[in-house]
Amino acid sequence: MAFAKVYVTLKEGISDPQGLTILRALKSLGYDEVEDLRVGKYMELKISGDDPEAISERVKEMSERLLANPIIEDYRVEVEE
Amino acid sequence: MPELYKELGLKREEYEEIVRLLGREPNNVELGMYSVMWSEHCSYKSSKVELRKLPTKGPGIILGPGENAGVVDIGDGIAVVFKMESHNHPSAVEPFQGAATGVGGIVRDIFTMGARPIACLDPLRFGSLKEPRTRYLFEGVVAGIASYGNCIGVPTVGGDLYFEEAYQENPLVNVMCVGIMPKERLIRARASVPGSIGVLIGSSTGRDGIGGVSVLASQEFDERSTEKRPSVQVADPFTEKLEIEACLEMLEKNLLLGLQDLGGAGLTCATCETADRGGCGMDVEISKVPLREPDMEPVEIMMSESQERMFAICSPENLDEVLSICRRWGLNAVPVAEVTEGDTLRVLKDGEVVAEVPASSLAKGPEYNRPAKRPRYLDDVNTFDFSTLALPSDLGQVLVALISSPNICSRRWVFEQYDHMVQVNTVAYPGSDAAILRVKGSKKGLALSCDCNGRYCYLDPYVGTQIALAESARNVACSGAKPVAITNCLNFGSPEKPEIFWQFKEAVRGLADGCEILGTPVVGGNVSFYNESFGEAIYPTPIVGMLGVLEDIDERIPSCFTREGDLIALIGVTKNELGGSEYLKVIHDVVAGPPPEIDWDSEKALIDFLRLAAKSRVISSAHDLSEGGLGIALAEACVSGGIGASVEIDH
Amino acid sequence: MNFGVIVFPGSNCEQDCYYVLESVLKQRIEYVWHEETSLKGYDCIILPGGFSYGDYLRSGAIARFSPVMRAVADFAEKGGYVIGICNGFQILLEAGLLPGAMLRNTGLKFICRFVHIRVETTSTPWSNAAYHHQVLRIPIAHNEGNYQVPEDVLFEMKQRGQIVFRYCSPEGSVLPEYNPNGSVENIAGICNREGNILGMMPHPERASEGILGSSDGLYIWKSILSHCGADVAI
Amino acid sequence: MAFAKVYVTLKEGISDPQGLTILRALKSLGYDEVEDLRVGKYMELKISGDDPEAISERVKEMSERLLANPIIEDYRVEVEE
């Protein structure tokens, strides 16, 4: 059994209205030290199998096909035993 | 740099015209500005000549085509502002964001005239539902429209939806928006007072949608920089909602001289069009433009199509109050331009001129008389021998197959994702022939419908377009309203192909003749060309958006059966016309014409009858026959009314 | 009776509530900007539906920090009447003025349609004009209406009669197939222990006139009006 | 300048319709090895300051007050130089 983590974030240059609104809210709550904030998705997958390399390839494939929208999002995959 | 203009889609003679207008070669920024302002999308260069043939005048028409939206006087001191636009290509790239930004664009065209947006309708076309790609596009587009319309609090109350192989590679996402205002609130998109200030309101500016123009930017075109030029923008309905409220508040307090939204060609279009319409020039200081990315170049700033931005023009005395209202609504607002005498649009960066062009020359692009040639396919598809059709034995099965086919079945899955009730004006919900909205503070009501069967237009563009017009008129009449005026969105393939341009010319001719007869002028609209891939164009799809007016909202009639014991009457003549029918496609998988004929005398008589019958309350409901004919119309009226009917065919 | 309807950036049903209270029920009502810090002079405060702050992060997550929310908490503390409709309900939850939280609808889609809700208790300022288990036909329009609350808190709420409305069939039976969003035990509306704060996902202001398809929403407005001894126009 | 990462996930036992739907979609695409999937929010913050400890405390405070809803969500904070 292995755990894979997928981080999906908006591509650089693509505007992130949600991130901007949360940033402004943090500033209005007094957290002025925050200079930028971007919001993305985080997925935890429980996967049967024990070869981290193979699993990582499969999860990348899943990300390319479904978990991320390649047109506006980047993704990163981490696999743990 | 002479070759550079080609990369920007400009023809040689267009480039030479620019050199003639300027008396010199254009620099990079100027070349970028002309290339986008003279594109088909902004200049309508291939369609202008034909569009002039449409009737645009009429008793209640306050403003026809030419500004952001048409304006119609419906009495009681109320004006209705409405228009339709397309966002086809972005939606094919990213359905959710493409469709969402499409809603944002058309809604801005409405409140930029001073009207509160009160309804949206979404005509959509997709390929076959059997294809996974179609399901992906369909689901994304509907969710995108829902996410935007629901957030800004404008109800999506209607639309139409077809699935045809012809749209497989090129889905159509058109959106119509309707607004109302007291007549005197009308504001024009013009800069007519030298010395007045141009204020840029809303989101900051990024490298969104600058597409081809990016080749002008000096940065070398490496892998890293493609990252910086996103082809898709993320819609921000929250900022748009703030802009609706802030702009309407500024207009109510009479603080603005002019207002224009930023759409295609971004700041360039907003500045040159307002200056041109106002007969003035303008100085634009781009160092003041709030940027989302650090090192943006002048050409990128002037051509950026970042969403949710407005350009307001006010007197220096009112500037402070304009800025404070925007601040109160949480909107960034910065003075970036000053209206000047003359006709010159000057773009400056830290006081240094980076572009200087005649504003009118940018706003009025070239004009073409494209060649047109009747397509050969028309002969093959209109000579089908209907007698060879084997009549199916079980007609019950035929009815079931038709009522569950994608072009006829219930649209509940779609419209239940749309908030179609917000603003508590909707009195006839989606699924009825026309959406009906009450007008608070008045007895009147509005009936709205958009219609077009692309298959009919493919078989005969002239007749097919008239069928679309007649059907939208019948739909509003079926609710008891009088058809008053239309907007439209003309979706076609490439105008540079004579066969396609012939389809366009015939469609516009049909629309012009029909509107003349019906007395429903065209008050605005949109043209979307180049809807084709691998040389295959979509069905010609001239979508008609009809505004109907009910003198008394209580005279409205539903489109479903309501009372037991009511008699059902079929009005109009039934001819043996199966051309282009849904029956032919679904049961026999044949697409062949000719489409049904249009008899305008009986269409007008029917519309007048329906209005009179509604006024004198002698009918309890009325439903228009369209795809699927009588059988489907009866089934729809029963299902939506939750009541049965027995019908004798041989009468 | 004096009503105040709060306007957050992104609210979009405040004008509907204003219209129903003023034109249909002939009551005095004013808009209250979200930066106000005092609610003196009002008898009832409405937190309207909409997409405050674009529903970014979580529905109501940012609006709850608006300056007016401190005033709303004090106002309610002193017994003032507060009704949160849809987004307003989400804001009250995020502010901790009502127990529980909202998750996305189980179908992951925005839902806008008429539903039926059953009056679970008539001994509240918001439901005394209805009869026990009366079925009201009122529309919903939301993306995150899946109400969840820990088991123990739910038990206590039921004990104290804080469950005011549940989604049900047209005949009034509370069944899973009539639950549009996955809310625990079909809950559509709750109140706080004292009963002066109500949160409901359905929109009563969209069902206060026959012309719109139902006037069952009037039961809620009439309840609070009669509870406060105000005259009721219709 | 420091980078903080905040992972917001639904608490155990809270229904996660989104995770379920994505899991089903992955299986329909043939990725049967995936046994469970949960979806959460992932936020990247750019924060001025250079004391990772202090920054981590502040970001935890932001998460407690705004970025996560303690009733239904857990959060985890990571700070990098």
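For this structure, a couple of remarks:
To keep things simple, chains are lettered A, B, C and D as they appear, and every chain counts its residues starting from 1.
One rule holds for everything that comes next: a residue touches a chain if its C-beta (ideal position, glycine included) is under 8 Å from a C-beta of that chain, and two chains touch if they have at least 3 such contacts.
Everything numeric here is computed off the predicted structure, so don't read it as measured data.
A count of contacting C-beta pairs for A-C and for A-B identifies A-B as the more extensively joined pair.
Averaging Cα coordinates per chain places chain B and chain C 36 Å apart. Chain C and chain D have Cα centroids lying 30 Å from one another.
In chain C, the residues that reach two or more other chains under the touch definition are 53-54, 56-57, 62, 65. Residues of chain A in contact with at least two other chains: 17, 21-22, 25, 29, 39.
Shared interface positions of chain B, i.e. residues touching 2 or more other chains, are given as 236, 238, 330.
Taken pair by pair, the chains that touch are A-B, A-C, A-D, B-C, C-D.
Those residues of chain B whose C-beta lies close enough to touch chain C in the complex are 143, 146-147, 150-153, 236-238, 241-242, 329-330, 415-424, 426-427, 429, 438, 440, 553. Against chain B, the residues of chain C that register as touching in their complex are 9-10, 12-13, 15-16, 19-20, 23, 49-51, 53-56, 109-113, 139, 141, 143, 203, 205-206, 209, 211-213. Taken together, the chain B residues at the contact with chain A in this complex read 93-94, 97, 203, 206-208, 227-236, 238-239, 292-293, 306, 330. Residues of chain A touching chain C in their complex: 17-18, 21-22, 25, 28-29, 39.
On the side of chain D, the complex with chain C involves touching residues 10, 14-15, 17-18, 21, 41, 66-67, 69, 71-72.
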